[in-house]
Each structure stands twice: as C-alpha cells, then as structure tokens.
Amino acid sequence: MLEKTKFDQVFESLSRTIAGRTSRRGFIGKVGTALAGVALVPLLPVDRRGRVSRSAHAASGTREGWKPQDNDPSQCDYWRHCSIDGNICDCCGGSLTNCPPGTKLSPSSWVASCYNPGDKQSYLIAYRDCCGKNVCGRCGCLNTEGELPVYRPEFANDIIWCFGAEDDAMTYHCTISPIVGKA
Amino acid sequence: MLEKTKFDQVFESLSRTIAGRTSRRGFIGKVGTALAGVALVPLLPVDRRGRVSRSAHAASGTREGWKPQDNDPSQCDYWRHCSIDGNICDCCGGSLTNCPPGTKLSPSSWVASCYNPGDKQSYLIAYRDCCGKNVCGRCGCLNTEGELPVYRPEFANDIIWCFGAEDDAMTYHCTISPIVGKA
Amino acid sequence: MTHVHSTPELLAKYRAALLGGVASLSLLVAGAAYAQQGPSGAEVPKHLDEKATSQLEDDPQILSASTPDSRRIYITDPAHFAVATQTFTIDGNEGKVLSITDGGFLANPFAATDGSYFGLASTVYSRVSHGKRDDYIEVYDAKTHDVIADIDIPESRFLVGTYPWMTTVTPDNKSLLFYQFTPSPQVGLVDIENKKFVRMLDVPDCYHIFPTSNDTFFMHCRNGSMAKITFDKDGKVDVKQTEAFHSESEYLINTPAFSMKAGQIAWPTYEGKIFMIDVSSGEAKFGKHFDVFSDEEKADNWRTGGWLPVAYHRNSGQVYLLADQRAKWTHKYSSQFVFVHDAKTGKRIRKIELGRDIDSIAVSQDDKPQLYALSTGEKTLYILDAETGKELHKVPELGHGPQVIVAHDN
Amino acid sequence: MTHVHSTPELLAKYRAALLGGVASLSLLVAGAAYAQQGPSGAEVPKHLDEKATSQLEDDPQILSASTPDSRRIYITDPAHFAVATQTFTIDGNEGKVLSITDGGFLANPFAATDGSYFGLASTVYSRVSHGKRDDYIEVYDAKTHDVIADIDIPESRFLVGTYPWMTTVTPDNKSLLFYQFTPSPQVGLVDIENKKFVRMLDVPDCYHIFPTSNDTFFMHCRNGSMAKITFDKDGKVDVKQTEAFHSESEYLINTPAFSMKAGQIAWPTYEGKIFMIDVSSGEAKFGKHFDVFSDEEKADNWRTGGWLPVAYHRNSGQVYLLADQRAKWTHKYSSQFVFVHDAKTGKRIRKIELGRDIDSIAVSQDDKPQLYALSTGEKTLYILDAETGKELHKVPELGHGPQVIVAHDN
C-alpha cells in the first residue's frame, strides 16, 4: 500500500504548510457555480501518509475500531464509509454513489483512504455530501479512520462539505462514497 | 359530581349547536392583542356532560386508561394532565401553572374535567399552551380523557392553543394545567 | 433574509420599508447592485481548492424516483409538533424510501390524484420558532422531487395535529383547498396550475374538506351535519347543510377515510360505529352505517384507536378499522388489530392481528392491496399483504414520530 | 415572509424589489397600509370565544430563570446536523432545565463572561432546509430568556460540527467574533452592545478564536503555529505568527478548553499529550506540555476520546481529560474515564471512572467544582462531584444528540 499511484503524483507535495500563508483576499465571486456540473471534481489537498485504513478491527462506531465489510453499502461498516460522518445516502433515496431525488450534489469533498477487505486494496474515497435538505436521519454513521482535525480540513468530516453545490445549498442531507481510485 | 357549580351557570346552555351557524365574517382585527394580559381569560364554550374523568384505571398513555396520581406534576399521569397532548411545562423550565422563561403564554385554552384522587373531587382544567418556541421535547404526554373531535374544538387537544398569545406566537412549546375551579 | 448582503444597515432599511416604512427607489436599486456581491458561505474554499482536482472513477448523479403507481405512499412525521418535519416518499412494492421532503410546523401533505405531483401546506418562522410567520404551499415533482411551485398563502393555516382531508387537491389536480380555523372558518383556494393563491372562501363552523368536483366540496359541521360548499370564480360561496346524521354523543374521529374517486367517506366513531357517507352523486347520502363490533365485543371493550384508524379500499368496498380492547377515552392510542368489513353489508370479512402497536393504517388501491401499518413509537412502517396480514416489508427510521400516510390513488 | 398580507401578488412585487427589481414608493406605502389587516392565524377564534370567559383559580405567569452563577451551563443539541437545534439552560446546583432556546443549522452558543446574556450564532433557510439563507446572532437575557438582540450578519458562518471557541464574546462582553471558512478565512466582528455587524477581518489559514483582550485574539493555524491577531477600529488587522509548537503527526482535537479569565488553553492530542498554551501575557507561550498516559498506559491503548474531551479548572489549574482504552482513530467516540492532571506539573491527581459512555465534559469554576458529563447517546447530562465522581444530578431528555457544554465563567 505504499507503492506510488497516479494520486501520489497529484498529491505528493501537499502538506500542511501549503495553506499556511496569510490569505488576504476580500469577498470574491463565487467559484461554486462555475464548478457545478463539470467533470473535474475539486479534490482538496491530500496528504495520505500514515492514514491508510487498517483491516483488522471490530465493528465501526465503537472504541474497538474499524472492521470493514464489503457486501452491504447501507451499513455503517461498509468499507468505503471508513471516514464518513452523517447519514448514508443509500438509505435516503440515493445509492452508494448517487444522491437522492431533490437534493443537490456537492462538487467538493473530504477524503480518506479506505481498505477494501474484498480485494485487499486501499482506495481513495472522496466523500461528497448531498445537500439542500434537512439531515436524512436514516443510517446514521460516524467513522473516523484517518480523520484529521479542522486545521487539516481536507480530511475533516465535521465540516459541511456542500461547498459549490447548486443553489448554494449548504444544509446536510447525506453522504455518498465514490471512489477516486486506488490509494 | 353532578351538582351545580358556578361554572355550570356559565356553560350550562352551551352545546354543539351554538356555533353551527354560518360565519361569514371577513378578515377582522386581531382579538388576541386585546386579550393578552387581561385577567379575564377567554374560556371556550364548554359542555361537560358525560366527560367527567374517572378514577379507576391503570397508567396513562396506554389502552388501560387513566389512573391519575396527585404527587408529581412532572409525570404524565398527574391528575391535572388528564387531557393534555404535548409536553409538560414543569420539565421545560416552567411549572404546573407557569410558562418557561422566554415563552409566550396563551390566553386561550381547551378544557377538560379531571378527577383529583387526593380530595376525590373533579376540577375543570383550562390547558394553556406556552408558545413561541419549538416543542420542548421533555416529558411528552398524551392523555385523552374526555377529549373530543376537532368539530368540538373547545375539548380538542390536537389544536395548537396559542391563539391570542403575545407576538402572534403560534409554535407549540409546552402546556400548563391551571385550575378553573371545581367541576 | 437575503443571502447576499454584507451591509445590514441597508437591509434593515429595506425591511422597514417592507413592513410599513418608507424607502426611496435609489436605495432599493443600490441594494440590489450590492446584493450581487458578498459571500454565500457556499463557495469552495479558496485556500483549499487550488491544488488538486481529479476525476473520480465513479460518476455521481442525482437520482430520480420511479413513476408512482398505486403503491406509492407518503409518510409524514410531524415530530411531535416540531417546527421541522419530514415527509418520506415510499415505494410500497420495494419497501424503499425514495426521497425525503422537508416541511415546517405541522406541514400537511397532499398528492395529485394522478400521482404527477405531491406537496405540502406548510408554516415556517423567520427565527426557527419565532419571528415572522410565513405560510406557503410547496409542490414537488413526484419523480425528480424538485420543487415545481412555491406559492405564498395568507398566514392563517389551521395549526393542528396533521389530519389528511384538512388540505386537499381538487379532482382535476389544478387547485388546492386548505382549512382556516381563525379568526373565522374559511377555506383557502390555491391555483396550483398557475402557481398562485386565489382567495379565502367563507364557510360555516365546519371541518375537513372532501371535494366531489372542481368547484364543490363537503365539510362536516359542529352540529353533526354535512355542508355542501359550492364556489364560483368570483368567490361567491353557496352553502347547503344537511340534517345532523349522528348524535351528539357519537364522536367521529378526526381522520376519516375518503375515496375521492369513489365519492365515499368512511367515518368511524370512538366506539366503532362506521358512518358511510356517499357523496358520489354530488349530494351527501347517509344510507349506510354499521357497527364493527358485536354486542359481545363491545362488552369486551373493543374500540377504535389510533391516529389514522380507518382505511377504505375502493374497488372491493372494504373498510379497514384499527382497533383493540381498551378503556374508554383511549381513542388515540395504538392498536394491535385490524377489522375488515364490507361497507355495503356491514359484515365482517376478516380480522388481522398485527402483533404490534400500530397507530395509522392505509391500503393501496390495486387489486392485491397492501396494508400499510405505521408505528409511531417504533418509527417504522410495516407493509403487509392486506388479505393475509403477512409482512412484506419493514421500513424503519422514519423520523421522530411518523403519524400520517397519504396516497394519491384514493 | 410577512405575516400580515392577504395579497400575495403585491408581496411578490415587494420581494422582487428587495431582490433586485424596481418598486415605486407608492406601492410600498400601499402595501404597508394593507399590511395592518389580514389574519395572523393567531387570533382567538371568533366562532368560539364569545360565549364564555372566566377567571382561573390559578394565575399563570411566565417565569424568569435564577441569576446565573458559576454552575449555570448551556447544553447545545445540534441534533446530528439538523436544521432546528436546541440549547438547554441548566442550573447545575439543582440539576434543572431552566429554559430551552431554539437555534437553526449548527447554531453555535456563546455566553457573556459575567453571565448577563447568552446567545447563538445561527443559520436558517426560508424553506426549512432550502431557499434563502439567513445568518444572524441572537442574544438572550440570561434570566428572562427574552431576545435582547437580533443582529444580521453576512451569510458566511462556518457550518461545521459545533465547536466552542469558533464563536466567542470578547472579554468586555461588548463584541462577538465568529469564524468564516469560505471563500477565505475571516473572522466576523459583531458589536453586541450596539446590536450591529461591524466587519469581516482577514486572517491566515487558521482556526478557532481565543480572545485575550478586546482587540486581540489568538488562532491555531494549519502549520501548527499560533497566530496573534490584533485589529483596530478601521478594520486593519495585524498578524503575528509563532513557530509551529506541535509536529504534523500530533493531531490536536477540535475542541480545546480555554479559560478566557486565566488566559490558558489546554489542548490535547488524539494520543493524550496535552499542550498548555499560556496567552495571559498577550503572547503565546508553549512552556508546558505533558502526557496524560504513562508508557504502560499507552501500550494498553489509553487514548483521548469524545466530542469535548477536555476541561480546565482555573483556580486549581487542573486539566480533565476524557479518555478510554481504544483503537487508533476512534478519537470522537465516547469514553468512560476522566483523568485529572495538574497543568503545571503534568502530574496525575486522580482518575474518575464514569461507568457509562460520555461524549463531552466540563467543570464549574467554583471551589467545589461540579463535573458535567454529557452522554450524546443517552441524551442525558450527569452532574458529578468533580472530586469524588459521585453523581449529584441527572438531567435526561436533552434533545436528539446533545454534544456541547458552554459556561460563562470560563
């Protein structure tokens, strides 16, 4: 899991220092509307060192740690959900990778590297929130594999990741777990 | 419990027919603001025949029926709560007869006749809602002793009885159970 | 109030103008120009989005729901009088939640008879539970669940535990009728097709709205009669009231079953007598009523109980009543049994033991009907075979206290 | 939007004006006059209120809460990212809920250091969860709980799981500071005293707000440093950044403890190292840090865990850490133990076994402190003697998922 992938080429140089500079911009035009609907998804700066998820733990949601399964995407311990915080869209009218009817799909995401017990590979998951509705409430799920504090926001799952969604939708409904690629 | 009281003199002639006439008024000035804060509380037309609550049943909230106690006003089976639907203000920062800080006291009410197992008398209770906040959520309570359908609204507890509260507050927070007098 | 300003002082002036003050045109225009700037809180963070973009292996989309059939239902969760409520779109065939729609305080669901849209009559406040009240009708496409109309109405919706038939579409699906309790009884007429509120119609001291044609509906009145209300384009209302059809001590529940397509109302009392009101001719006929319970069952304390304790299956003419053995005055508590009777003969066809506490029932209108049994306490919908009572699906986690089931094919 | 209109067409015009269209003065004035009429939905029903009024034997009033002391706390329930949230005012002495205050999406509580007021930075939408966003600061009297200020702010609050110290008053209680994440990091300055938003202040890529004087606050930055931010009346911002005080692999939790009165920040890592940051001099000093767990305990997998896992008692200089034996990367799950250490020496003073899963802790600042232990799952606050761990009170039914404890005497 330490071999180089195409993602390493993208993210390799990124570390916590990249955004440490002072940002003195004023209010600026919205980037979100320009991004919505395009195929290129803005992934945030990623530094995955040391945070590839492990495979040998008990059920999720407990102090026992993470033990993923690979057969039921509606369950919190499905492997792709290793760093989700919220509700699984599959239970809310969506699916593992699609948003429920009537929601707005966020183009921005936080990321985690999750271990698939099926093929014993790790994948980079870009969690994308489905927005513009009150919280779904079904299949609540908190996993924190490789979850970093808010000062490393690209890995932080407390944040409402609805940035750039259509209609400026910023309310949280549920989260999908699409794959970026192998980690 | 069938002897005449002062309330009988007020309510005796009231029956379902009183408001059966056609009401063809247009939009009118607000009565509520005129009523708020006055000592005279508008009680709604009351016909108590046959709906004096009984004393010999099991715990409230079940098909077993109503069995009131007279020692803990924060419990749903406290005798005065015999026809409450909502939350008991005593658990929300209020008390048996006072609204919580920050709410608005409704001058209007639905009524029920409740049996006090302490003195073995029945009393007319004018349930008044404390309004202007989201539902309290603590000490939820549904009792339906003598509770009548919506076409007899003065006895109907599904209605938000915030009519006339200050600031037109119409959201439901909790309910107090003041006594009108002996029934 | 608007999401685009950064000068609250200016905004305060516009608000004052809106609420009764005075504002100059130039101020308004200046504000409008300003409004194009300022943050939305929804931009992709500039300090984070520059370094990396990448294509996903997956291609996320927003789904569309299946085309509604007679097993499409909507479950509304008033969340015990909460200011935020949810309505779950459910496909009975699969026992699957298709989408969730948000409503405000005591939002009242409705659905087009052809299934093309559904909606909510709703009330919100500018500060969650206080501040300015805003009543509105929001209409959603039944497949995409996108908002297709947002119609402002007067702030006078009747705020009451959610009853079906206190808000309803007309048979042609072009209009909506909603009830007003105060300051005086009125029914609001909303033009769904043209997305505008039309007017309030004065009505007697009556409740519920049962449309029989596009300009006529029936109501049930305090004195026990039915009122036939006819209105014309100018707001003129004609009222024709029947004699009382039930006695003062026969308490009719708040949530009768109504088949708009058949023109039949099935209306139980607390004690299990069912009044069948036939409005199919355009007049109210009270020929049929029957007792669900035998004298022996009555002696054993069998009574109606639940939030929506009655359902009507149109083609078979069967009435379903949720009931149990219970004390008097427990008419809103859950029950564990459903009694199925023939509405014409009043005879019992079968009795279904649910095996759990159920608060609301409904049936699908197809020929092999599903029985929907909703448990408010468990927050779970059980979908049963209406013939056998066999459980077909179970749909859990339906909010905080789901109570209401609405179908379009009624 | 307004509760007083009956002509939605007119209103639509005002809205268009507000949002960027054009409206004439006469229209506005006409609308204002019209606005005095129409129903509010809040009138006493005319068909019911005429027949009977009567004096009650009881004389209902609206209560006022007791004067806050150091055991007055506020518990906020974000209800798992819901659009409607609650903040419970609790008197620790009695273990009693004094009042409940409503907030919107991810409302962030704050309290005046003298206890005179508390408030929420909040976000609402015109249609429950969609439509127009409105961010605002609402301030409440700590006794009456009446709204004493409602201040409009730009729609750019950082919407994130509720962290204390992402929104805070200044030491003089006259101003409020709130965090903006996007489009670029800024801190909003609100004049509480004069009830108006002042301006946004540009800040580096840093997080949290720890005020040390009325024009100075510290933040913690992405690169592991602290930034000292000083601002003047004209919005000029001066930034002074320290060297990084922790390594990249030492992950500091999102919810440190800060005593504004003592100028001390206690900031644990996932692994139980605690950084003490002394800002009492007006500069950030990093002299003290210590490991809560011995090497043996570390080997036994003792780690920090919870939502608010750290508390600081000002006079005694004691740090409380919520921890348990746990796998790596379980830093947000509940714990059953509290470790109490002397912040100066780093030495352990005692260890409290809670006997249940607790997510958030706080201590009162009096000399016989109470330990507040909040269980999100049980929705219950346990009030314990901070010395002995003995349970003094239990306060259940605190919403849907209470997570946050705020005290004014910090």
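Quick notes
Letters A, B, C and D mark the chains in the order given here, with residues in each chain numbered from 1 onward.
Everything that follows uses one rule, which is that contacts are C-beta pairs under 8 Å (C-beta built on N, C-alpha and C of every residue); 3 or more make two chains touch, one makes a residue touch a chain.
Which protein is which chain? UniProt says A, B = Methylamine dehydrogenase (amicyanin); C, D = Methylamine dehydrogenase heavy chain.
These numbers were taken from a predicted model, which means no experiment stands behind them.
Steps from chain A to chain B, minimised over paths through touching chains, total 2.
Centre-to-centre separation between chain B and chain D, using Cα means, comes to 36 Å. Centres computed as Cα averages put chain B at a distance of 26 Å from chain C. For chain A, residues touching at least two other chains, in rising order: 19, 23, 25, 27-28, 30-31, 133-134, 137, 153, 162-163, 168-170, 173.
In chain D, the residues that touch at least two other chains are 3, 6, 38-47, 82-84, 102, 123, 128-130, 133, 147, 158-159, 181-185, 200, 205.
Those chain pairs judged to touch are A-C, A-D, B-C, B-D, C-D. Taken together, the chain A residues at the contact with chain D in this complex read 15-17, 19-28, 30-31, 50, 53, 57, 61-66, 85-87, 132-135, 137, 140, 142, 144-153, 156, 158-160, 162-163, 167-173. By the touch criterion given at the top, residues 7, 10-11, 14, 18-19, 23, 25, 27-32, 35, 39-46, 91-95, 97-105, 107-108, 126, 128, 130, 133-134, 136-139, 153-154, 162-165, 168-170, 173, 176, 178-181 of chain B touch chain D in their complex. By the touch rule above, chain C contacts chain B in their complex via residues 79-83, 105-106, 123, 125, 128-130, 133, 158-161, 163, 181-185, 200, 202-207, 220-225, 239, 248-249, 251-254, 305, 324-335.
For chain C in complex with chain A, the residues that touch the partner chain are 3, 6, 37-49, 51-65, 84, 86, 89, 97-102, 140, 143-147, 396-397, 399.
Remark: chain D residues 1-6, 8-9, 11-12, 14, 17-25, 28-29, 31-33, 35-36, 38-47, 82-84, 102-104, 122-124, 126-136, 138, 147, 150-159, 180-185, 196-197, 200, 205, 400 touch chain C in the complex.
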